[in-house]
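This report concerns only the one structure given below.
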Amino acid sequence: MAVSTMTTAIEAVDGGDVVYVGGFGFAQPFSAVHELIRQGVSDLHVIRSSGGVLLDQLVGAGCVSETTIAHCWNAVGPTPTSAFRRAAEDGVPRPITVEEHGLGNLVLRLFAGARRLPFVPAGPVESTGQFENQSFSGKFSEVTFDGDSHYVMEPLNPDVSIIHVPRADERGNAQLTGARAEIKHGAMAADTLLVTTEEVVSSEQIQDTPDETVVPGFMVDHVVESPGGAHPSGVLGCYGRDIDYLEHYGEVTGSLDDFEAYLDEWVYGVSDRAEYLEAVRASGFAEVSP
Amino acid sequence: MAVSTMTTAIEAVDGGDVVYVGGFGFAQPFSAVHELIRQGVSDLHVIRSSGGVLLDQLVGAGCVSETTIAHCWNAVGPTPTSAFRRAAEDGVPRPITVEEHGLGNLVLRLFAGARRLPFVPAGPVESTGQFENQSFSGKFSEVTFDGDSHYVMEPLNPDVSIIHVPRADERGNAQLTGARAEIKHGAMAADTLLVTTEEVVSSEQIQDTPDETVVPGFMVDHVVESPGGAHPSGVLGCYGRDIDYLEHYGEVTGSLDDFEAYLDEWVYGVSDRAEYLEAVRASGFAEVSP
Amino acid sequence: MSDPEPTQREQLLYTAAQEFRDESTVFTGFHWPVVAARVARKLHAPNLTSVFEAGIVYRGTSETLPTSTTEINAFDGNTDMYGNSIDTLHTFLKSGHLDRAAIDVSNVDRFGNVNTTVIGDYDDPSVRLPGPGGANDIATHAEDLTLICGSADPERYQDRVSYVSSPGHIDGDGSREAAGFEPGTGPSKLITPLGTFRFDETGRTRLDRLVPGATVADAREMTGWPIEDGDHEALPAPDADELAVVREVLEEAADRNYAAIRP
Amino acid sequence: MSDPEPTQREQLLYTAAQEFRDESTVFTGFHWPVVAARVARKLHAPNLTSVFEAGIVYRGTSETLPTSTTEINAFDGNTDMYGNSIDTLHTFLKSGHLDRAAIDVSNVDRFGNVNTTVIGDYDDPSVRLPGPGGANDIATHAEDLTLICGSADPERYQDRVSYVSSPGHIDGDGSREAAGFEPGTGPSKLITPLGTFRFDETGRTRLDRLVPGATVADAREMTGWPIEDGDHEALPAPDADELAVVREVLEEAADRNYAAIRP
């Protein structure tokens, strides 16, 4: 383990990988995702609790062929995520499959992956769309326990997980405050774990607040310092959600052309996070300082 | 929910109840257990990860008929817990059953209880004593998943759980720092939850540090302020383990008569925790201040 | 001088706010439930606790209205607990400690089933909607569930949704229980811009109360559901002070980019 | 003037300390492993990370030697993470991120099975022992597991334990894998006061190295196990500086009420 550049860390993701991307409405690894897009990684199977604008961008950039999610929209408004819709409805720029689960079942599958359990019981699912839809009905297997029939689900174990945190040390000990959603389980379920952080702090600082450590350094493969890396989502204690930017995103990505113009401006048109944040500032959006 | 006296809170425990008692080598609810002994509750089925001196006292006082544990000894030394041994070996003062699990399986059963899952997969157990011992072999049920045979275990859902924490507010929001062991799951698995706390703090203080909340107030039935309530185990940030007291305990409880003299002096001989702590101080053991 | 009569939306929020009692704990879904809970907090429920799917236990009244249930910064300082999604979607929903749950519904049927997933074929949809998130779990496990539909558009009210994103009473007549759901769970109430419905013992909607001025015929037209004629007590309308609070919260929502608020 | 020759116990701790490499992560069981890890920390492994079952990830060298793996106050200030027992006993043990595990054994057989539960009948024991705790999980899942037996008493070494508290290679010859354990898991080494053993491909102990001065006959007598004659390289003994560190740690252990240290 050593502190890596974003370029090096994202090179750990191969085309075709199953990738869990952390964060819920907060602490989303946007800077890592932009680098994935710039590196042109393709055919990813993205697991995410709340797909959101982040998944919308990955899908719209053509990086994704499969998704396993509980929902996908722009939480500000709320408004639809148009690139996700174009891919699901029209196969543009590429077709995607959507394996939809209730969030509770999805987080249990990540829990089972993180804890290396062979399966985990599902909630009642019969008669729901998640169960009846043929494209993933095989995900629920029937077992008999104590005379009753139950459904169980297989664990999710991503090839690579990417999470964003406010603090990590050079050893990879990564700390998070605020709601945890399923981030710890998504991180711990992976073969390879990338952590992007607002700040690389001293090991002494980590050892002063060990309650906040969400994954220990020995599980982490790359730590990347990426201040402002979660914009436009917020990071508790660092900066808030940039709701004007997110509303703007919804407004300017409604058509394919407009979406591509967005990528040209905000992803392909900048070489790294510092340039992106400079563009955020120059366009009158939030001042992001970790 | 309101702040209760220890007497009232412990009256929530009925003879024959399944009771989870929290804490591992730390944050053990000794003051609550002493009140259980004074109230003469009997036939308890006690679930505890690490039985320890706490379980030894409950068993020795005749409160217990069943135990579900991963081990039981005096962590200082380590030395045997003699009352537990007398009950298991000779049925003195009452016979107990010991359902032994590897700690990992035990904590998963509490997890399944806390999350209201119908069952949870066990680790490989065939050929182990925990599996082959007839008295609880029925705890492992075979199911087939993905062509392979697996064992699953039923959840543990105590009638009452008792945990000790450094801080809670009047609403019952209970906070813990340091290693969490299985305390959160043991607490959340219960029908009735009793929290003893070093200090009842303001709700503002809780809301300043919500990351530390281990159970929300709406799950808690009684909060009892009990400074020094975990002695002789420690509470991080409050006081350390009293290793001299624990060594002394091992030395003076080797025989049944000596054990009963211990109870007379330290449990029956005091009316509450304040008197107990005064006796601790007067006997030259640690000064315990929350 | 502001209009003393509430608009449909103002009345809806006022009605929905009554679901959030002081000192109670409510699993509060995304969108209108969050806004209605804020009205309640300001009107009568200063110690309302809201549980949100990402792990937040929020009590009191935060300085700003959050844009969604995951905008942590907006709640920070008014949270009793930062937990995780297994706490909220499994323990809290299933352990019987919540007083109620409330979710936003945009396509709902007579049985309280909600479709937030697709219009058309699942694998080749004409419209791909966002999906249910934690609303699926709330609808699966909650024991006293209120559905809030913010729109009076008849297209929002189906006879039977084609895809059950969040389960109601399925096809009624015990089919929910037969599918393995716990008895006693599922939607108990639906709040609409024209009035409130309860789910009867067959799992179908039954009109309960109408908003002032609305008729049974209006409700029938909006929903397309069979509704018997009869007298229905009118829902209370907000008084002037209450209405001012509702409007204040709606202004906050506009300031925080709530899309539905836009003219 | 202190004795320049190590006692059996000092040699054992010095030998065991070599298992704890700098910059490595070791699931560290109760008792002798904690003491040996402290010797390693002071000798050659200042950045050793120990994982303990209650959820502690401890790196560096704490001011005091803990009386057990759960005496949090003794580690506080040197912990990278306070997690929980599902993190440690499931994720950490099974995800392949640990370099090694080490547990204390007091009744061990040729196959590395450990009995810490009962002597005699389970339901009517002549001696009830404490039970395995997390050592069961470590023995179940760890991939490079070192067993440390602190006693040279022949009664501690069995042909086959009557109760498997923590599984070794069961009855050898693939029986562990046949019982459902992952290939590659289970004990790989046993450290005793007279020397070290490795587990061969049949799952049985094979004498590896002897402590200075011990003979094959001594090892055979202590264990009762069949041990072939042959040359065995001697384990390195501590030099004077190293021995001083071992003795310093043993003094700490005495100060912290370690019972086995008592004369």
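We call the chains A, B, C and D, going by the order they appear; numbering starts again at 1 in every chain.
We take it that a residue touches a chain if its C-beta (ideal position, glycine included) is under 8 Å from a C-beta of that chain, and two chains touch if they have at least 3 such contacts.
Each chain and its UniProt protein: A, B = Glutaconate CoA-transferase subunit A; C, D = Glutaconate CoA-transferase subunit B.
Please read all numbers here as calculations on a predicted model, not as lab measurements.
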Query: Suppose you hop from subunit C to any chain it touches, then on again the same way; how many hops at least until you reach subunit D?
result: 2
Message: Can you check which chain pair, B-D or A-D, has more C-beta pairs in contact?
response: B-D
Query: Taking each chain's centre as its mean C-alpha position, how far apart are subunit B and subunit D in Å?
result: 28
- request: Using mean C-alpha positions as chain centres, tell me how far subunit B is from subunit C in Å, no decimals.
  value: 41
- request: Two or more other chains in contact with one residue: find those residues in subunit B.
  value: 117, 177-178, 211
Statement: Residues in subunit D with touches to at least two other chains are numbered 82-83, 86, 90
Task: Mind listing each pair of touching chains for me?
output: A-B, A-C, A-D, B-C, B-D
Message: Give the list of subunit A residues in touch with subunit C in this complex.
response: 24-26, 49-51, 69-73, 75-81, 84-85, 88-89, 97-98, 100-105, 107-108, 111, 123-130, 132-135, 177-182, 184-185, 234, 236, 239-241, 243-244, 246-247
- line: subunit D contacts subunit A in the complex at 25, 49, 57, 59-60, 77-83, 86-87, 90-92, 94-95, 97-98
- line: In the complex, the residues of subunit A that touch subunit D are 114-117, 171, 173, 188, 203, 206-208, 210-211, 213, 215-219
Field: Residue numbers on subunit B that touch subunit A, as the complex places them
entry: 117-121, 141, 143-146, 148, 150, 152, 154, 177-178, 211-212
Message: So in the complex, the part of subunit D that touches subunit B is made up of which residues?
response: 30-31, 52-56, 67-74, 76, 82-86, 89-90, 93, 115-118, 122-123, 125-134, 136-137, 140-141, 163-167, 170-171, 175-176, 179-182, 256-260
